[in-house]
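First chain written, first letter: the chains are A, B, C and D, and each begins at residue 1.
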Amino acid sequence: MSKLRTLEEAVAATPEGAVLMIGGFMGAGTPHRLMDELVRQGKKGLTVIANDTARPNVGIGILIDAKLVAKLVTSHIGTNPETQRQMIAGETQVELVPQGTLAERIRSGGFGLGGVLTPTGVGTTVDEGKQTIEIDGKTFLVEKPLKADFALINAKRADYYGNVDYALTARNFNPLMAMSAETVVVEAADIVPVGVIPPDVVVTPNVLVDYLIATENRHG
Amino acid sequence: MSKLRTLEEAVAATPEGAVLMIGGFMGAGTPHRLMDELVRQGKKGLTVIANDTARPNVGIGILIDAKLVAKLVTSHIGTNPETQRQMIAGETQVELVPQGTLAERIRSGGFGLGGVLTPTGVGTTVDEGKQTIEIDGKTFLVEKPLKADFALINAKRADYYGNVDYALTARNFNPLMAMSAETVVVEAADIVPVGVIPPDVVVTPNVLVDYLIATENRHG
Amino acid sequence: MDEKTLIAKRVALELKDGFLVNLGIGLPTMVAAHLPKDMNVFFQSENGLIGMSALPEQGFALGDLTDAGGAFIGALPGACAFDSATSFGLIRGGHLDVTVLGGLQVDQSGQLANWMVPGKMVPGMGGAMDLVSGAKQVIVAMQHTAKGKSKIVSKCTLPLTSVRRVDLIVTDLAVLQPSDEGLILKETAPGVSIDQVKAATDCELIIPSNVPEMQITA
Amino acid sequence: MDEKTLIAKRVALELKDGFLVNLGIGLPTMVAAHLPKDMNVFFQSENGLIGMSALPEQGFALGDLTDAGGAFIGALPGACAFDSATSFGLIRGGHLDVTVLGGLQVDQSGQLANWMVPGKMVPGMGGAMDLVSGAKQVIVAMQHTAKGKSKIVSKCTLPLTSVRRVDLIVTDLAVLQPSDEGLILKETAPGVSIDQVKAATDCELIIPSNVPEMQITA
């Protein structure tokens, strides 16, 4: 069964209030067409798990501009004054997570692990209210796994089965998120025939991907 | 500074009694020339962390045949009757670890994590003497990280900086082990000029690799 | 049809288009040969590949492309390779739709023992514990009895593979489904009576009023 | 030479051939420009690249190749890309030789605060907490004072980045090395006296009998 969907169909499948993981780092590796369509369809009350909200009018920032995000789990909002404003005004609830912890929490959700044991954050405000564990005399925070309803992924290429690879620093959180969401939506620059991406080059295995956003075919 | 070493130099750097992680799965992805040289130099009392010991005269099995292994941390010895014999005779100490747990324990060692929280093994003989932790009503085993003095890695290609990629199912534990050992020794089928392996195709970053086993140059 | 082929054919009926499936070494491996030609099932080899196939032809082997038993395999178009942590992330994380495993014992509560016979066989659990803990569906494919003794018992005496209840047991005599109340006899093998199944089983079975015969094509 | 260039040049002296180095946004980024031409240092961008370089030329930018601030960068031959978990595995796992970070406060015990000013600035810690917890060497590169107040204090009043003691502090006035006993004044900036450093510092300093001047080439 084909995984191809139009942009409209894929976003229509996302209910208001859904938990979304969105790839990208300051906009690089964020699925921009999906962002635009979420705004166009006005999907409200979203929980967004993402490294950052880039800047106003950039990357995930456009969801913030459109006031679609009720809750944000992220490592950094310093580059987006509008996110800070919404947080301070109580319009958006923000959970700040160290970047490496965020990556491992997302991974552990998709890998069936109970959480992450990290030294990062021990003795800082990050450890407030969290369980710690002593292992061989060292203290680690127990950080809980993250899962999502949808992962919105930006890829370099996908084949029609859904095998995916990524481009340079646009990879970032994308392959981790593709493991950890119920439904995985991939916006790829190219969709190529099955067999074109060598098995050793595939980063995200096809079985994880549910929808491929169709690209525009400009010839023929 | 060049990372190239002869087979003899690289193995000579491994002291008797060292803790070795060795890539491979039933021989596929095991660095065979390094195995032969360990036997030739008769490095005794080794601790070996590896998925399996393949079969007699195959893969890591040749270290077993040569009675070089004092301790073995592995997921499976069913295919090697000599390993079983040495274990029952008390010549080799064997710790059996579920394969997915072994992979994550190795990864966590190299990733600076305190261990692994896994549901695998809960309520079985594997959980004996281990700490468990309750997270959101589910029980997980706390499995400790593994580290090694040396990782012996089999690669498809390396460049002269030490960037590495792998071939098909010969990848298996190799990239995980390359993160988790003090000294990482790579036996690659080919060593290519820097820049030949595209950045998106590299699996093990160059900075992790200490020695590259020189390949034989047959022309010129 | 021999007993192993019967079991493989019956298990094959549980697989669906698009499924990610892991087949254990031995009998379970035979399942792949009995799928409908037009069904697209993805087979995962736990040593790090999705898209494995039988070796297409003599002489097409590659040492770097093997299954979990170390045997040469093929890779279909669209195959992908990954490391062991990712492989078991797929398994433990609930991405694997079905695992088909052999068994030494399954008990009334649906728990499986398949990795160790103390004092006799110490192969190690390999990937079995992760597979049984993590797969969405666990199917045990095995002979109903071994050396005249039932492998379906009231309580496993061998070390457990996992405390997780398996989803289906397919033997040469019957299809059994574990439930909160015990093992339900869902189907009998062709020509096998309910009494024969009960006689070959070392625990109580729940017998519904209608127990159909396995629908297996020759 | 302006103060930032001085700091960058002094930090550059700490880097060695073959090192894996992470440079924070802002002042720390300037360090890359002051390495000897024949030194081969690998710069990691925590968003997933080793081998980053300045953009080689106007017009050579790619949207999929950016630094942690979102600015376009280049990639040197031998660069490699990876996901965020691997990037922080390198950082947290002790594979990163040096991280150079800016600071808001460093205290007498060598602890750093650099991610938050309660009620004023809530940017989030980004990768800073992992970098300070995990790197083999943590170098803080910052102005000694801000708005007339010392950034070197007896006890951080701002939220800590990590409880780990940093390894070196390089400012426009001095090089300080945290130790069990407190901050040791290792070097003074060209033309700066020990008394000037003490006056600009809000805690006790340990003053060795010989405090050399930073050796910086123009």
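Convention: a contact is a pair of C-beta atoms (placed from the backbone, for glycine too) under 8 Å apart; a residue touches a chain by one contact, two chains touch by 3 or more.
Computed from a prediction, not measured in an experiment: that's the story for all the values here.
Undergrad: State which chains count as neighbours of chain A and simultaneously of chain D.
TA: B
Undergrad: Chains touching chain B and chain D alike, please list them.
TA: A
Undergrad: Does A-C or B-C have more contacting C-beta pairs?
TA: Between A-C and B-C, the larger count of C-beta pairs in contact belongs to B-C.
Undergrad: How many angstrom between the C-alpha centroids of chain C and chain A?
TA: The separation of the two C-alpha centroids amounts to 35 Å.
Undergrad: When the C-alpha atoms of chain B and chain C are each averaged to a single point, how far apart are the two points in Å?
TA: A distance of 29 Å separates the two centres.
Undergrad: Could you tell me the distance, in whole angstrom, between the mean C-alpha positions of chain A and chain B?
TA: It comes to 32 Å between the two C-alpha centres.
Undergrad: In whole angstrom, how far does the Cα centroid of chain C sit from the Cα centroid of chain D?
TA: The computed centroid separation for chain C versus chain D comes out at 55 Å.
Undergrad: Note the residues in chain C that touch 2 or more other chains, in rising order.
TA: Answer for chain C, listing residues that touch two or more other chains: 49, 75, 81-82, 85, 88-89, 91-92, 133-134.
Undergrad: Residues of chain A touching 2+ other chains?
TA: Residues 104, 107, 111-113, 118-119, 156, 166-168, 171, 199-200.
Undergrad: Would you mind giving me the full set of chain pairs in touch?
TA: Chain-chain contacts present: A-B, A-C, A-D, B-C, B-D.
Undergrad: What residues on chain D touch chain B, complex-wise?
TA: Contact set of chain D toward chain B: 17-18, 20, 42, 49-51, 75, 77-82, 85-86, 88-95, 133-134.
Undergrad: Which residues of chain D touch chain A once you look at their complex with the stated criterion?
TA: Touching chain A: residues 45-49, 62-70, 75, 81-85, 87-89, 91-92, 116, 121-130, 133-134, 159-163 of chain D.
Undergrad: Once bound in the complex, which stretches of chain B touch chain D?
TA: The touching residues are 1, 107, 109-113, 159, 161, 163, 179-180, 194-195, 197, 199-200, 202, 205-208.
Undergrad: Could you pull out which chain A residues touch chain B in their complex?
TA: 104, 108, 111-119, 131, 133, 135-136, 138, 140, 142, 144, 156, 165-168, 171, 199-201
Undergrad: In the complex formed with chain C, which residues of chain B make contact?
TA: 25-29, 51-52, 54-55, 58, 74-79, 84, 87-88, 96, 98-104, 106-107, 118-126, 156, 166-176, 203
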